[in-house]
Amino acid sequence: MEYYLDLKKIRESKPLIHHITNYVVMNDSANITLALGASPIMAHALEELEDLISMADTLYLNIGTLDTDWVNSMIRAGKLAEKYNVPVLLDPVGMGASELRNNTVRNFLESFGVSVIKGNGGEMLSLYGINGGVKGVDSLRGATLEIATGIAEKYNTTAVITGKIDFISDSKRRAKIENGSEMFQYITGSGCMLGSVISSFIGVNRDVFIASIEGLLTFDIAGEIAGKKSAGPASFRENLMDEIYNFNEENYRFAKVTVYG
Amino acid sequence: MEYYLDLKKIRESKPLIHHITNYVVMNDSANITLALGASPIMAHALEELEDLISMADTLYLNIGTLDTDWVNSMIRAGKLAEKYNVPVLLDPVGMGASELRNNTVRNFLESFGVSVIKGNGGEMLSLYGINGGVKGVDSLRGATLEIATGIAEKYNTTAVITGKIDFISDSKRRAKIENGSEMFQYITGSGCMLGSVISSFIGVNRDVFIASIEGLLTFDIAGEIAGKKSAGPASFRENLMDEIYNFNEENYRFAKVTVYG
Amino acid sequence: MEYYLDLKKIRESKPLIHHITNYVVMNDSANITLALGASPIMAHALEELEDLISMADTLYLNIGTLDTDWVNSMIRAGKLAEKYNVPVLLDPVGMGASELRNNTVRNFLESFGVSVIKGNGGEMLSLYGINGGVKGVDSLRGATLEIATGIAEKYNTTAVITGKIDFISDSKRRAKIENGSEMFQYITGSGCMLGSVISSFIGVNRDVFIASIEGLLTFDIAGEIAGKKSAGPASFRENLMDEIYNFNEENYRFAKVTVYG
């Protein structure tokens, strides 16, 4: 299976995924990146970003617990990523929940190129300019393949909208994925861990539309398998990590993915 | 059972619990809030606090890894909570261990209303003005229902003193709870997770004396059940989270609670 | 077994281990310290460092997610540790990966005494002045007992170089340890957790060469046992913590340690 070739590449080449992410999920994101076979680094000091990002394979930015200092680090990191041709995945956590988050995301999109924007329905609706989709950081309303395509066109990026059904578009190509588990909503940072997983696939495959599909499938199917053997959210999280580590070619036969045009 | 009605309410209405807490426990607190059925948000940037706290059902403040910036965020958040009638639960972690912590807690109590103050014996003794009860952030000495009542009167709040026996007082009503597990002391953030759980009950029941009892019972009984099936502290933490997620009406039959006057 | 006497001392006297460490591992480090039987505290505010460090048994410094504010806290903490005769364990995470890290570690070593420096091969080679050993925060090249001895002499400290084989030297005495598990590389913060464990042994044994051996053996053997019963990295981490908690005298019979004159 083609997806598996990129997972093997991750395990062999161990791409370096530079994270600037939120305090809540740093540990989970580092652990899932390692479980997948890639190499996470978490660093935000302005003085060392150039040394580190020049070595990175992907830059993952996540505004979950943003403040001025961290936003400045992310902007500098984004510009350095552009300089060194490092693809950027942006996770606009809580977009729509505060003006600060809205302004920060717009500022990012004007300051440096973003290869993939990934968010839940409410966040991505807000990004597209449709209000009322966000309560706190949780998504309330559905979103569709059309919104994903609209965001991809508007921001010259690949858009990933997560939910019961995931939608992916790079404006020319579109896909939907129907794997996953109800348990994802009962653990914190499932979206953030997914961001790390997609970033790892981007680290070995510069076709970020395909890399996003691969990341989503791997994460969602691992969650599906984990969900069936877990007594609750904490054992689910543990099993999810272990399933990611043990993920094999056969698991991709559960893929429910539709790719359009 | 009446306690269960509020747990059901949490699961149905998913109250939004705004956390400004310490780095060590953010992940655990977010996860236990989700496992219980409520919705956690963690954000501290001054610029977005009004947007977020105006939507919150409870504000949970915890000074575990405090510094000037975070203290300023907590003060602003506390004042906004007052403006928007959002109840505040304050966790004075390490009270008594440093002058900074003592001054910060006093500053909070003079700056905004606090619905519940929850700490261990040493912290609460220090708050009440009795020194020598704290070594680091761990409690050394016992404390009693009288101290809880004294704190409740002095600060016009509901006081929760945790330990082998938990004491609760809103000055008029008093209660003690004798559930729990020895294993709580071998995991970090058990008090902080309890803070998230009580905050979630406050999110659906504005009688914070009752909500505190419900939170304590749910957390302590889940711990009791988890303790019996765990090989050590890490499996205890996992089982605790899973038990919170699976908590049902029957579990409250283990409640060892005495309510006075 | 002599090692076990110090583990018993930890469990009885619960030494206070002051951590100033990185965001990614704070929770894991606190939990493993508690599982071992010691008492962790995590605090970085300049205003309270003297109150807290004057009570501490060991100071553990880790630069994993350093920035200016945290570096300033660590320097102040290091100087206070010197003032109060508290031994310092320094974990130069990512040494060699950026100039900022290199300069920070050198600055520390000029500003206060360090009892133990512990790092992986790449970090310790960089510290010794041999470049090219670091990719991100992971070690690429081997290092030897000679490097450990060289660092110990150069910086008047005890050097611990971790890897498949661990090397320890205080310049006069040298040792190597061949315990461990392949799984350590698939979880984040294994080196940081080890730092907490060694710091706890230093908290009860001021012969830091011996305390380092005891910490390494306890951590590595617990990992060996955990590795044999784990389905992946997340269950490994859980089992590791539980094994640390349940560690008994018999487990030290697995020790593969060689001490040289």
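In order of appearance the chains are A, B and C, and numbering begins at 1 in each one.
By our rule, contacts are C-beta pairs under 8 Å (C-beta built on N, C-alpha and C of every residue); 3 or more make two chains touch, one makes a residue touch a chain.
Computed from a predicted structure; not experimentally measured.
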| item | value |
| --- | --- |
| Proportion of interface numbers common to chain B and chain C (over half same, under half different) | different |
| Cα-superposition angle relating the copies chain C and chain A, to nearest 5° | 120 |
| Chain B-chain C separation of Cα centroids, rounded to whole Å | 32 |
| Multi-partner residues of chain A (at least 2 other chains) | 23, 27, 237-238 |
| Residue ranges of chain B in contact with chain C within the complex | 22-25, 27-28, 64-68, 94, 97-101, 135-138, 185-189, 231-235, 237-238 |
| Of all residues in chain B, those that touch chain A in their complex | 16, 23, 26-27, 30-31, 34-35, 39-45, 47-48, 51-52, 55, 69, 237-246 |
